[in-house]
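Some structures to go through are shown next.
Look at the two complexes coming up: chain A is in both, with chain B in one and chain C in the other.
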Partner chain A sequence: MTNSIIHIFLAILMPPLLIGVIGKTKALFAGRTGAPFLQPYYDIIRLLHKGSVFSSTTTWIFRAGPIVALASTSIAALLIPFGAHPSPISFQGDMILYAYLFALGRFFTMAAALDTGSSFEGMGSAREAAYSCLAEPTLFFALITLSRLSGSYSLSPMLINISFGIWLNAGAALLMLVGGMFIVLLAENCRIPFDDPNTHLELTMIHEVMVLDHSGPALGIIHYAASLKLFVLGAFFVHIALPYATGNPYLDWGLFIISMLELAVVIGVVESVMARLRLIRVPQLLVAATILAAFSTLLVIR
Partner chain B sequence: MSYGMKTLYNGSAFLRSDIPVFGNADFFQMLLDSINAGWRACSYFGVPSSKGATLYCLMSARGGSGTLGIASTEVCGSFPSLALRAPQFEMFEREIAEQCLIRPDGHPWLKPVRYQKPLCEGDGFWSETDGHGLIPGVTEFYKVDGDEVHEVAVGPVHAGIIEPGHFRFQCHGEEVFHLEIAHGFQHRGIERTVAGSPNPRTIHIMETIAGDTTIGHTQAYCINVESLAGVFASPRAETLRGVALELERLANHIGDLGAISGDVGYLPTASFCGRIRGDFLNMTALLCGSRFGRGLLRPGGVSFDCDAATAEEILKRLQAGRVEIKQAVELLWNSPSVMARLEDVGTLSEADAREIGLVGPAARASRLNRDVRRDHPFGIFRMTQIPVITGNSCDVYSRSMVRWLEIQRSLDFLDEQLRHLPRGAYRTEMKQILPDRCAVALTEGWRGEICHVALTDSEGKFERYKIVDPSFHNWSGLALALRNQQISDFPLCNKSFNLSYCGFDL
Partner chain C sequence: MADDFSPSTLIFAATLLASLSGTPMLLCRLLPPSRAQLLSTVLMLSASITGLSGALLALISGKTEHFQLPLSLPFGSGEVGVDPITAWFLLPVFLITGSAALYGRAYWNADKFPETVCKITFFFGLMSGFMSAVTLARDGITFLFFWEIMALAAYFLVATEDKKPEVNSAATLYMITTHIGTLALFALFPLLALAAGSWLFPDAGSLDATSTLATSLFFVSLFGFGMKAGIMPLHIWLPSAHANAPSHISAVMSGVMLKVGVYGIVRTLSFFHGFPLWWGIILLLAGAVSALAAVLFAIAQHDLKRLLAYHSIENIGIIFMGLGVALIGCSTSSPAIVMLGTAGALLHILNHATFKALLFMGAGSVVHATGTRRIDLMGGAARFLPYTALFFGVGAVAICGLPPLNGFVSELMIYIGLFRGIQGSGVAAAADALAIPALALVGGLAVACFVKVYGIVFLGTARSEEHTAHHEAGWQMLLPMGLLAAICFIIGSAPALLGDMLQRASSEVFPSALESGIRLVSLVPLPTLSFVAAALMLMIILLALWYRRTTLKSSRSDSVTWGCGYRRPTARMQYTASSFAEILTGLFAFLLKPEISKPDIAKGMFPPSADFHNHAPEVVLELIYTPLLERLYQRFLPIRRLQNGILQQYVLYILITLVLLFMSDYL
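What follows is the complex of A and B.
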């Protein structure tokens, strides 16, 4: 029970901190002081206090977009185990639900973007649809590999199963999985090299351009849902890449928080040392991720 | 071979009656002949008259002769368009139609340039829909039809803090078939305002034609006024003007490299260049108290002397700046992910660049070897030369690399000039400007060739003062560079040209 409360508590409070850590890391690389770690919280609170403007051409779909995105990501956050602790909700086959909760959120974000009738948002939806199609197989190959390794179809046993022992036995497969999942993590969360969350150039955006017409609380919800998505997908990645476990529950929570912050720093470093890809090159990298994940599946199934 | 034009050198003034007046047919044939022989149009404009308008064309000879040619003709009602055979006239002809109400017959795409009121009495060709006059951007745009072809409109209100311009893309998926650019949102009526000048306000208007090219435009104006009055700026003043011009070039080129880097999401160079640009702007502020060089150049010289301590301080800062900018920019060339974004993006072929009469770093990046500082030297550049840099690959990479190499040449130039500042006065007394003259001044601003042509009336006032900002030539270059490119690369291409909206709109 305590663990479930800590789980929910972390899922609610911690996500924007990751964005703050990424921002701070990038600022350090650029030789700037950067915004405070808590800036994303301030931004979200500021947006929640604002009024909303809705275009008269939009329908209920436009308003549902941010809500569905937040709701689906929140449920996904309940399905994924954090660190060595099992998730509050867990059942056989929840991995499929986990994967398609993201698809549901994405579908509504894209539908809301198309609802505005703006040419920018149409372009953004087209890009998002194309790239998410290419990112999905990687996630599924990863899930197949992990369920094969653990013999379970549920996320909690599947992910907590990974330990340094498994790394010794199936190191090659897991290494490829880490590579593939890191690419998908960056792509799904619209980070450089796939998308630049800080750009103001409408024509180059993928995710940001789909939410151009949202304002005030709706935009705040979108920012929060995006950081939650980073948190949830990051937790999945951290399980594979950094499977620390001590056995002491409180120490394990601490380890999990530190791992997540490490991940944010790594993302910040990647964003600082490389430029964005040309959009035309993005599918190639996503296909490479799929191939990595497919080979890892091949290795554990043979 | 001057095709019957009056030949002259940059920065000279002469009697208006010396400008040959051609018959219509001869004039337009002469323009085509000279274009075919490699001449280039610097300025082509009309002066409204009672019957119609007098057209003046200022051409620059090819090669290193430093010759300019000017000729005129009188037309009424309409004149034959040369745009199809010499595309560099296309924009000029639209401008003439808009300003002087004479129609270029056979113009392939006759639209207003700035949506402004004509310089003479009468209604424009573009009927006014309501009482408020023409509204910028409200017009027909070139349209592509077909399945999966869609139109994207960007601006005039942009997401960043930039000037207003409207871009209309015809796209097939992510690929751009055609880009059309509409301007006029920044029109301030500068040419109309300075008619009847010079007066004490004129210099301030010249300083704000394009805020980031203050020195370039003001120098062209000073050259014109000085040659019209028969005054010569002292060597010390000319050197300080050259120093200010190169400082302006440095600050802007550095800012551009940072902005290009920011557009591809490469943060280190973007942040460093942003700060270093400020350091260079501050050097201009050391000279005159304004980071953009406002108030520095005045007819007859400069308004502030540069004492030995200031020169020493600037030299010291230049040295530090040189080290820092080298570190920041070399990060770009050493990052494969950045190079992958810059190379083979926004290619503008040499032939296209020549046809549309591209100028400045953008032209040099497309293998065109043209630079006013060498071709038509003015001021300090008559005494000393800055080597001309050309790029080879004609793409965004080439335009970035040309900027970087020009930064180094300008740093060398400043180093040398500030160590050997000529002695003497920094300002000469101005005299009355002479009546019935024509004066021509070209300068190489950081965007490229700036051309000012002054025509004085019988009282020594400007009857017409024609300004051509480099952006006037180069916006078509951006539109061509986008053909068959990814629409997501547009901001990057745009930044690699970095053209002025207000300089175009005047």
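What follows is the complex of A and C.
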């Protein structure tokens, strides 16, 4: 019970911090001081108090987009184990629900973008639709590998099962999985090299261009949901890449927080040293991720 | 209620009532057409309610009954019966035909279409009744009789507007393919009689699947029933027929008639035991190929109903994947996988019937309001058709298999079956492992496709003056859609309601593999799914209320969509269906072979007006079958002299054949 409360507490409070850490890392690389770690919290709270501007072409779908995206991501946050602790909700087949909840959020985000009738938002929506379905098989190959390694059909046993022992036995498979899943993590969360959240040219963006017309509280929800998505997908990745566990519940929570921050630093480093890919190259990289994940499946199933 | 009351009585009464529901239309002398249509609709609705309650009672009781038909045919007497498999397939049959009948009264009203209303209502009743009858038949001859009547009635329904050339060619294509399918069934039942020793259907699990005869039975039934179900590459009739039939007819054909084809395969599979592994792998492969290819073709379509038709092929593929999983489970003797695969496939049959019929009805309502089927001419329909937009939205989310709607539950069962399969070893595990990402990709592409449809048709602003939607559909069209949307929601959020019925129907399909009495509920946590669905809905509602309060408190203003510096965005600047799908059709151009005519705009100092045009052909039909058949035709032209249109000569042929057959006895 305590663990469930800590789980929910972390899922609610910690996500924007990751964005803050990424920003700080990038600032350090660029030789700037950068915004404080808590800046994303201030931004979200400020947006929640602002007024809204609605385009007169929009309908209720436009308002539903951010809400459904946040609701589905937050249910997904309850399905994923954090560190060595099982998730609050766990049942056979919850990995499928986990993947499909993101699809539900995406459906409404993309529909909300098309609701504005703007060509730019249509463009973002089309890109998101195309690239996200290419990312889907990678996640499922990863789930197959994990399910086979642990012999279970639920996220918590699947992910908690991974330890240094498993790494010694199936290191090659897990290494390829780390590669594939990191690419998907960046793509799904619209980070460089797939998308640049900070760019000011709509023609080059994917996620940001879909939410051009959202303002005020809706934009706040979108920013928060995006950070939560990074957190939830990051928690999945951290299980595979950094499977530390001590056995002491409190130490394990601390370890989880540290690993998530490490992940944010790594993303920040990647964003600092890489440029955004040309859009034509995006599908190729996503297919490469799928192939990596497929190889890892092949290694464990053969 | 008497003790000997059986739900079969209700089912037979409903079947008869449905078949005869069109007869009032034939009495044009006595009744004005609008009265006759009302009477037909009432008959069809009562048939639907009677049939549904009969099917539900039969599923709850789980009884199996057989009745002799007093026919004096050279093949012995006919038999009909009701068992849980039949009862399960009757659920979509009666649910969808009843809804479509009510919808059809407004959509194809006697006052607006006085010429065709008699035909469409009469054959609609006939097709509905005989779809039910096909699932009741228990011997080969009766089955073929009922099957032909159903298939022919469907021909007349597709050909409702036979004055239009494209409708006529779609109907002719349907006629040709359905008869090729029937030809395979003419081979199937004698082979089955050979294997079983009688024209009556053998008992479930009584035939050995490893024999050569069983192999040929498998392929012949896959071809004959697959033609009707629309599995790739036998799907060629489906897109044009569904696009050109009136929308409520497309709803019934896509929602139910394809399932009668699936019923044939399920029934055939149920006769066997001891399946070889490759049967399952073939079904899984056929399903995965159909699902993937069809969803890609769907993305490239510009015609709303054609697009939905391709999605039917996709969903039939998913159903086949479920059956394939079950068969693989049978041959690796793991009852859990058999149960999950079968229950997933059966539930997906009901689910697809619900949301596809809903989507076709929604499409019909849009076509009714805009006067076109071309997606690129629509836009902003949600403003004028708020209820249609809501119901269509429910259908769109459901068909993508997203929680908390019904498509998710059946796909989840198939997924868990596959995940259990990968724990095994060898070819079975590898096949299961490859099917999972395929199914995931299908899901992702379906989301892309339905965001496109929903976004372009209902959202944004109208793209052409002429085709702007103005009037919402009447209650007779909205009520069936609302009912189906509610069912999508109920099955999605409380799947445990159907758990026992699914269990019974699945155990009937593979009795030998499932005799250990494994419980479906122990394999899929149906109550937990309800809990998660409730949590998701609660979360959405709370957030929506909070958002509403916040926006009401703070200032809000209305403005035009931000146009990147342009003062006024026009409707023509919006993304269209073609531009939305461009990335994906480009990536999969090797399969889709899109025809694109793109003028060189930047030529010269004063570029002339330019025209962009793209089209995704039906690759299998136009690039494979037609050229092949054309060459066959040229090659066999001399033989055509036998077919000269003189009736007397045909009678002579029959005589010669008979004489030869008699002689062959003495040789």
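The rule is simple: the second predicted complex is superposed on the first by the 302 of 302 C-alpha atoms of A that agree within 3 Å, B and C clash if a C-alpha of one lies under 4 Å from a C-alpha of the other, contacts with A are read in each partner's own complex, and residues count from 1 in each chain.
Throughout what follows, contacts are C-beta pairs under 8 Å (C-beta built on N, C-alpha and C of every residue); 3 or more make two chains touch, one makes a residue touch a chain.
Quick caveat, the model's predicted, so the values are computed rather than measured.
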Under the stated touch criterion, which partner chain does A:104 make contact with: chain B (first), chain C (second), both, or neither? second
Of chain B and chain C, which one contacts the greater number of residues in chain A? C
Touch test for A:123: chain B only (first), chain C only (second), both, or neither? both
Let me test your reading of the model: by the given contact rule, A:13 touches which partner, first (chain B), second (chain C), both or neither? neither
Applying the touch criterion given at the start, work out whether A:172 contacts chain B, chain C, both or neither, answering first, second, both or neither. neither
Which partner does A:193 reach: the first (chain B), the second (chain C), both, or neither? first
Thinking of the overlay built on chain A, is A:45 touched by chain B (first), by chain C (second), by both, or by neither? neither
I'd like to know which partner A:213 touches here: chain B for first, chain C for second, both or neither. second
Doubly contacted chain A residues - partners chain C and chain B: 119-120, 122-123, 126, 202
Under the definition above, what is the set of chain A residues touching chain C in their complex? 48-59, 61, 63-64, 67-68, 70-72, 74-75, 78, 89, 91-93, 96-97, 99-101, 103-104, 106-107, 110-111, 113-123, 125-127, 129-130, 132-137, 139-141, 143-144, 147-148, 151, 153, 202, 212-213, 216-218, 221, 283, 290, 294, 297, 301
Flag every residue of chain C that touches chain A in the complex, lowest number first. 379-380, 382-383, 389, 393, 397, 400-403, 408, 411-412, 415-416, 419-420, 422-423, 429-430, 433, 436-441, 443-445, 447-448, 450-452, 454-456, 458-461, 523-525, 528, 531-532, 535-536, 539-540, 543-544, 547, 550-551, 554-564, 569, 571, 573-575, 579-584, 587
The chain A residues in contact with chain B across the complex are 26, 29-32, 119-120, 122-123, 126, 192-193, 196, 199-204, 271-281
Quick check: in the complex, which residue numbers of chain B touch chain A? 150-154, 158-160, 173-174, 261, 263-268, 270-272, 275, 335, 337-338, 340-341, 345, 486-492
